[in-house]
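In the two complexes that follow, chain A is the common piece, with chain B as its partner first and chain C second.
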Partner chain A sequence: METIECRREQQLPCALIDCVTEAVSSTFASIYGREPQKKDNGSAEVVGDGVLGIISLVGALQCSIVLGLPRETAKAVTAKFAGFEIDYEGPDMGDVVGELANVVAGDAAGRLESRGIKADLSLPTVARGNDVEMIQQGNTTSRLVHFECTGGSFWVKISAETQAGARN
Partner chain B sequence: MEAVQECKLPQTLLDGVKSAVIEVMESICGKASEHGECGAAELSCGVIGVISLIGQDAWSMMVGLPRGTAIAFAKQFTGDAVAYDSRDMGDVVGELANIIAGQAAGRMESAGLKASLSLPTVARGNGIAVPVQYELPSVCMGFTCPQGIFWVRIASAKRGPSGRFRPASSTCRS
Partner chain C sequence: MKIRAMVIDDSRVMRNMVMQSLRKTRLAEFEFVEAEDGADALKKFNPTELDIVFADWNMPNMNGIDFVRQVRAMAGTGHIPIVMVTSEKAMGKVETALDEAGANEYICKPFTVEQLERKLSGLFNQIAQNQQKSGGFFSKLVNTNA
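Right, the complex of A and B next:
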């Protein structure tokens, strides 16, 4: 599997980046039968008209994982994931995107645990809107990874406390 | 004010969060009270701060501030004008979520429910809605302070045998 470049000065644990991106690849491969393609890292984290799936890990690592799905990607991915079309404006969209975030984070937590980093999952939270963007906080460092899958493009933002240090 | 309650949440949690919101906002803004316009606030342009608590059970809390409230609150909180589009706005709303959740966690711990706080996550956008997740008990409460209206939504779940969380009750959406 292609690895994401990881530098210590980013202060984001390389193990965290690896485990989350591997979890995303594995989850989307199980949905579409092929791994999503990692794209050049872009700076934009505006999902535009779209949905965010937000979930946190608490334990040896304090971090959050945000899955950003533009509207068309959300419709395509949730239909494939659920096995039937999901109304974008309907309440089921929250369920499916929340569950997708849960699956990705659960996979990532398992991979972290196999590296000796134990963390519990939070409840997923889903937000939908227009021009939705994440705001980086001063005490956190983050990494944005863009992907392209059969259903469209999406991104994952991984954030952790700056003071957490680089536990590679 | 009557909370928009989709399903039953533990009363200790509901009371703990509500009193934490009032206490924190009164200490910052001088005054705060509940009001019943949660649905309208949820649809406005604004900023949301999301934070989770994880223990034997888990709950998550979202604080939603319409744009006008966010700008006025940030000025009151920091003593300076904070641009809506700035990174500082993320710090302000993240810190607000952190303080309220910390206060609520203290109240929960006094009731024997110990939990750890996650990092807060902050997002900004237009027409932000937080869809209620299936079978996840949640409550949305509207509040007002001199800086404007805002809302707080809480949801909770119990930990399943696998370590993942599952809804605290069977059916919350008809």
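Right, the complex of A and C next:
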């Protein structure tokens, strides 16, 4: 099993960023029939009124993946994914966004494994509300990647322990 | 062909998606038993009343792979195909499910109706043969009694 090394302190491993962004592209391509476009939107991560799907990978690396979907994107993507309309305010919205986060993380874990990095998935957690902010802990660093798909814009935040805080 | 299928997933929406997709295939006419996790599925599992099981991997209480191991440890369950329907895509997970735990097929989420048909047609042929055999067995009993 390979232990991931950061390119340099305070940066995330390239393999992790590549695998997660490829997983997002692949997952949304299978839902919409075309890959989402990556966008340069700086570091703004607040979704306003929206839903966050949160999942962790544990093993050769400790990281978390947060899928941030603004309300209208969440409604469009979950309807397309499930094949029927999902009530934004209802419990099924949490179910589907959690499943989406799970699919992205499962795909990323498969890609990491093919690079010799084994990781297990946690169960997903979902948060819904206004301006929900994920607070980063001391030894972690993050990368935010914005996307635009047919259903609207969304982002993915990838966080992992930095080299200084990495567990072996 | 009528099929009694168990669908195990902690997500009610995913269970509905699996059931709807199976109904859209031309594989069989389905009757479903739903379970929320592996522990719930074990309580509801009756090998004489099921033709096939569809199980998610990541679930609270008991995950899908532990459910498969427990079912395969029971006598008289080998004829019931178990299909993993999961977002776990790592080859190591696929091998664990198929080679070690005893699952019969592995389907990654998200899936299409066409993918389900392609992956499941062999298993459904096997179920049809099993049903014919047991039908033949019961027919013989009826003929003998007559």
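Points to keep in mind about this one:
As a convention for this text, the second predicted complex is superposed on the first by the 152 of 168 C-alpha atoms of A that agree within 3 Å, B and C clash if a C-alpha of one lies under 4 Å from a C-alpha of the other, contacts with A are read in each partner's own complex, and residues count from 1 in each chain.
Convention: a residue touches a chain if its C-beta (ideal position, glycine included) is under 8 Å from a C-beta of that chain, and two chains touch if they have at least 3 such contacts.
Given the structure is predicted, the values throughout are model-derived calculations rather than measurements.
Of the two partner chains placed around the shared chain by superposition, chain C is the only one that A:I31 touches, whereas chain B remains out of contact. In the superposition on chain A, A:D92 makes contact with both chain B and chain C.
Of the two partner chains placed by the overlay, only chain B lies in contact with A:I54; chain C stays clear of it.
Annotation for chain A, partner touching more residues between chain B and chain C: B.
In the superposed model, A:T141 makes contact with neither chain B nor chain C.
Shared-chain residue A:G106: touches chain B and chain C both.
Touch criterion met: A:G83 reaches chain C, while chain B stays clear of it. Legend: residue contacts after superposition of the two complexes on their common chain; A:S114 is shown touching chain C, with no touch to chain B. By the touch criterion defined above, A:E133 reaches chain B but does not reach chain C. Judged by the touch definition given at the top, the superposed model places A:S64 against chain B, while chain C stays out of reach. Taken together, the two structures place residues 92, 95, 98, 102, 106, 121, 123 of chain A in contact with chain B in one case and with chain C in the other. Interface of chain A with chain B (complex): residues 52, 54, 56-59, 62-64, 66, 91-95, 98, 102, 106, 120-140, 159-161.
Those residues of chain A whose C-beta lies close enough to touch chain C in the complex are 27, 30-31, 81-83, 86, 92, 95-96, 98-99, 102-103, 105-107, 109-114, 118, 121, 123.
For chain B in complex with chain A, the residues that touch the partner chain are 47-48, 50, 52-54, 58-60, 62, 87-91, 93-94, 116-134, 136, 155-157, 163-165, 173. Across the interface of their complex, chain A is touched by residues 11-14, 16-17, 20, 58-60, 86-92, 108-110 of chain C.
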